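In what follows, structures are represented as structure tokens.
Two complexes come next, and they have one chain in common, subunit A, joined by subunit B in the first and subunit C in the second.
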Partner chain A sequence: MRNRKTLATEIVLIVLAIAGVVAPFLLGYYYIDVLTMLFINIILVTSFHLITLTGNWSLAHVALMGAGAYSSALITGSLGWPFWLSLPLSAMAAAVIGLIMSYPLARTKGFAFFIASYAAGEAMVLCWTRFKVPFGGWTGLTNIPPPENIGGIDFSDPTPYYFLTGIVMAVSLWLMYRLGRSRIGATFHAIHSQESLAKSIGINVTRYKMLVFVVAAFFAGVAGVLLVHRMWAVEPNQFRWVPTLYLLVWAVFGGTRTFHGSILGVAALTLVGELLVPLAEWVPMIYGLILILTLLFFPEGLEGIPHRVQSLFRKRRTGGEAPEDLLMEGQD
Partner chain B sequence: MVILELQGLRKQFGELVAVDDVDMSIEEGEIRGLIGPNGSGKTTIFNCITGFLHPTGGKVIWKGEDITGKPPHVVAGKGLARTFQLTNLFRDMTALQNVVMACHLHTGVGLVGQYLMTRRTKQRDEEIEEKAITILETMGIGDVKDEIAGALPHGHQEALGVAMALATEPKILLLDEPVTGMNPSETKDMMERITRLRDSGVTILLVEHDMKAVMSTCEQITVMNFGKKICEGDPEGVCSHEEVIEAYLGRS
Partner chain C sequence: MEFVAQTILNALITSSFYALVAVGLTLVFGVMKIVNFAHGEFYMIGAYAVWVLFAVNGWPYAAAVVVGIVGVGLLGVVSETLIFRPLRGNLLSGFIASVGLMFILQVAVGRIWGVGKMKPVPAPYPGAVVSVGGVSVDVQRLIVFGGAVALVALLLVFLKRSRMGRAMRASSQDVEAAELQGISVNRAALVAMFLGSAMAGAAGTLMAPIMSVYPYMGGLVVWMAFVIVIVGGQGNIKGAIYAAVMFGFIQTIVTTMWDSTIASLLIAVFMLIFLAVRPQGLLGHAE
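Take a look at the complex of A and B:
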């Protein structure tokens, strides 16, 4: 059973990888760009998912992505250092800011964490708008160079940049997946399920919460770097309420219990977003609706659907209780 | 030798004095019972000792060292382990995973080691698993190691709670009502295991409502009422103490 599952996962991954390699040769620049954005958002939402493992929902996560973006804008734009050096440095800068934020945040939980993380994110935005040098105020920074050529590959072209983003995403996902599956990941889960028990067996809960926040900030920073070198510009409003709302909706819609849940969420909603392009102004409202409807009718998110379908079939087979079950679901 | 000492321990919640200047000292290797009616402050004392609550006054001395107000994970690291009332478990993990998690304290987890999965990390993980299985067997629940903790019968869950505390390699074990809700034969098993743990060198401090269990197992008993210590001594002495009878049976 388990082997069949791994095999299925491997097949899905191989198909996705092949599709990912072939896609840019079949699609126009616009859709290559959409996929590049999707990859960046997948890194963002997966790193966000890491924090949810300890039971906290951070509203500062998009701001930490911004920290990576601003950092890389300054390192490559003002200092003129190469992108390839800026990528790890800026991710580390985001991690350091995450570390500073996590010091008070890891000592709060539940709703207090939610609100405090929002304040931390806004404080970050305030820094960018307040200090015109070097952050450029509300207009932000422009003229950020694309990554330097390597072996004649020009990364200002959408297709090479797409592949660059795809590779960085694959590596990031692998690293985060391994972390979640390790004993450290199990400890995050233990803290989430029974915090006082975790303390009583000697787990330094605060330290682990800080750790997950810093690691997540690092990958949010990676996403920010990839974002800023695709847009060639950066401004504070990119990292405030609307993108934070999107991030929450992706995670809730996809589900946070599995590793792939939130990835499914962002992929599905990106597709929805593309279909809604003519209604662009309404998208935040539609996202809000999706959030409410998901919470009402699909609290487990997309990832819960296979399980539901499975139990539906099992019930059908064993004795026709399914209609009643459906009725119940419709009511609550 | 005294290993744990409370000096004038006090805990107030606003106006309410939950623990009122309690002195207590526990010898290494003893089984101490801590009894008293509901709300007399027993669990609050546990929480103050293990760092879950910050005492309002007084001191907690562990082997001559003042550990008052130290955070729980630090206290656990010094060799004081506790269990919780109404059993606290990682309910969606297996029994074995629960104990492995509790072995955390003396093994540590390195970020780099977890990524590289070096032979040393693997070997250590195997050792931890063996240790966890041994502990489960000591508590008589080795055969359910792969069952989900939340689905175990109540008696097994209590035993698992103690197993997790043991996994931190404690010098003293603070048990908060370990036999509540158990039938007489389960209670007897549990008390025997606790006695055996003591014989293997772990000091025990036991909060319990089941008087029969306490009287038959503990050598020394401390009785509390309304946050105050009202008497201390061997089971017979305590039973015949006037204030104790009053606290339990009411004024006649």
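Take a look at the complex of A and C:
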């Protein structure tokens, strides 16, 4: 059983990888761009998923992505340093800001965590709008250079940039997956499900909460760097409420219990988003509806579908119990 | 001296407005354990009620205020029944659902009345300014102050004296114990949501002639209200009132000396430092 499952996962991954390599040669520039955005969002939502492992849902995450974006805009635009240096540096910068934020945030939970993280993110956005030097105010920064050519590959072209994003995404996902499966990841789970028990066996809960926040901030920073060098411009409104709503919808719709749940969520909703392009002004409302309806009627999200189907069959045979509330258990 | 008196007066008016919004929010959290991000949109809809009824359709201002308050209260009741009640007991789901509700209301209002231009609401008593000893204030701001203080005081009396109010306080302290005493938690939650939302609506109706009315006007207000609720101690009404006064003064003084963005920034940083030192808030109890 176990082996069959890993085999199936491997086959899915290989098919996805082949599809990812072939796709840009079959699709037009518009869809290459959509896929590039999807890759960036996958990094974002997966790093967000790391934080949810400890049971907290941070509202500062999109702002931390912005920290990476602004940092890279300044490093490459104002300082003129190369993109390839700026990518790790800016991700580090986002991680450092995450570290500062996490000090008070890790000491709160529930209500206070939501609001404090929201305030922390908002404070950062306010900095960008208020201090025109160096952040450019409401209009932000423009003329951010694309990555420098390597071996004659021009990264201002959508296709090479697509591959660059894809590779960075694959590496980031692999690292985050390994972390989630490691002893540290197990500790995150322990903190989520039994915080006092975790404390009682000597786990420094606050330190682990800070750690997960910093790691997630690092990868959010990576996503931000990739975003800014695709847009060649950055402005504060990209990192405020609407993108935060999107992030929440991806995570809720896909589910946060498994590693792939939120990725499924962002992929499915990107597809929905493409269908909704003519209704652009209604999109936040539609996403709000999806959010509420998912929570009310389908709290496990997409990842819960196999489980639901399974238990449907089991119910027929043995009259077994209904699927438990997978997404939201253990919150108080 | 006059400048100082004027600043204190302005700060008091701002504080009363903050208290009105934050007390409603903390009441909802205390009784229902719902972090309602749509509270700012309730405030916005209150302001729109005044714009539609008073500015466009020419109703008397007072009538528009009453309709706005009751209407927003009912909107709160509807959202409690449809969205929050099924999610009760799950802080995270309730909070995320409220974010969804916030966007639904923003888009709905924006689609019905347009997003572009801010809606001008004329002053109900144009030109009326009260000045005493060099300190002047226009009548609408006095109405905000009086209305806010009166509503918050009424709520305190209601919670202290009435049967329902005591039931609500009981269920905010311990749901199970309250249920054992025969208190219907659902009813307590309905009343709390009606009153809490109505207070946000009231703040909107009172501020409409002063603030610019547009679909996203709730954002900054709810942000401030949340900071106040946290610093005051979650679900603690007296704490929220003290914190509202404190932040009213900080906001007014910093805005007078620098600008409002710096004020918001300082307040956010202040709150984060405060949380690091005293996570349970001013009047909250440690777990």
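Here, the second predicted complex is superposed on the first by the 315 of 332 C-alpha atoms of A that agree within 3 Å, B and C clash if a C-alpha of one lies under 4 Å from a C-alpha of the other, contacts with A are read in each partner's own complex, and residues count from 1 in each chain.
The rule is short, and it goes like this: a contact is a pair of C-beta atoms (placed from the backbone, for glycine too) under 8 Å apart; a residue touches a chain by one contact, two chains touch by 3 or more.
Since this is a predicted model, take the numbers as computed values, not measurements.
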Room on subunit A for both subunit B and subunit C (clash or fit): fit
Subunit B versus subunit C, judged by how many residues of subunit A each one touches: C
C-alpha centroid angle, subunit C to subunit B via subunit A, nearest 10°: 80
Partner chain(s) touched by A:Val252 [first = subunit B, second = subunit C, both, neither]: second
Which superposed partner A:Thr108 touches (first subunit B, second subunit C, both, neither): second
Contacts of A:Ile292 with subunit B and subunit C, given as first, second, both or neither: second
Touched partner set for A:Ser196, first subunit B, second subunit C, both or neither: first
Partner chain in contact with A:Phe313 - subunit B first, subunit C second, else both or neither: neither
Which superposed partner A:Ala116 touches (first subunit B, second subunit C, both, neither): second
Which of subunit B and subunit C A:Thr129 touches, first, second, both or neither: second
Which superposed partner A:Trp138 touches (first subunit B, second subunit C, both, neither): neither
Closest approach of subunit C to subunit B (Cα atoms, Å): 8
Intersection of subunit A interface sets (partners subunit B, subunit C): none
Footprint of subunit A on subunit C - complex, ascending: 29, 35, 83, 86-87, 90-93, 95-97, 99-104, 106-108, 110-111, 115, 219, 223, 226-227, 229-230, 234, 259, 261-262, 264-265, 268-269, 271-273, 275-276, 279
Subunit B partner contacts - residues on subunit A that touch it in the complex: 175, 178-179, 182-184, 186-187, 189-190, 193-194, 196-205, 211
Contacting residues of subunit A [partner subunit C, same complex]: 57, 101, 103-105, 107-108, 110-112, 114-116, 118-120, 122-123, 126-127, 129-130, 241-242, 245, 248-249, 252, 281-282, 284-285, 287-292, 295-296, 299, 327-328, 331-332
Subunit A-facing residues of subunit B, complex: 50-52, 71-73, 76-77, 81-82, 84, 88-93, 97, 101-102, 104-105, 109, 111, 114-115, 125, 164-165, 167-168
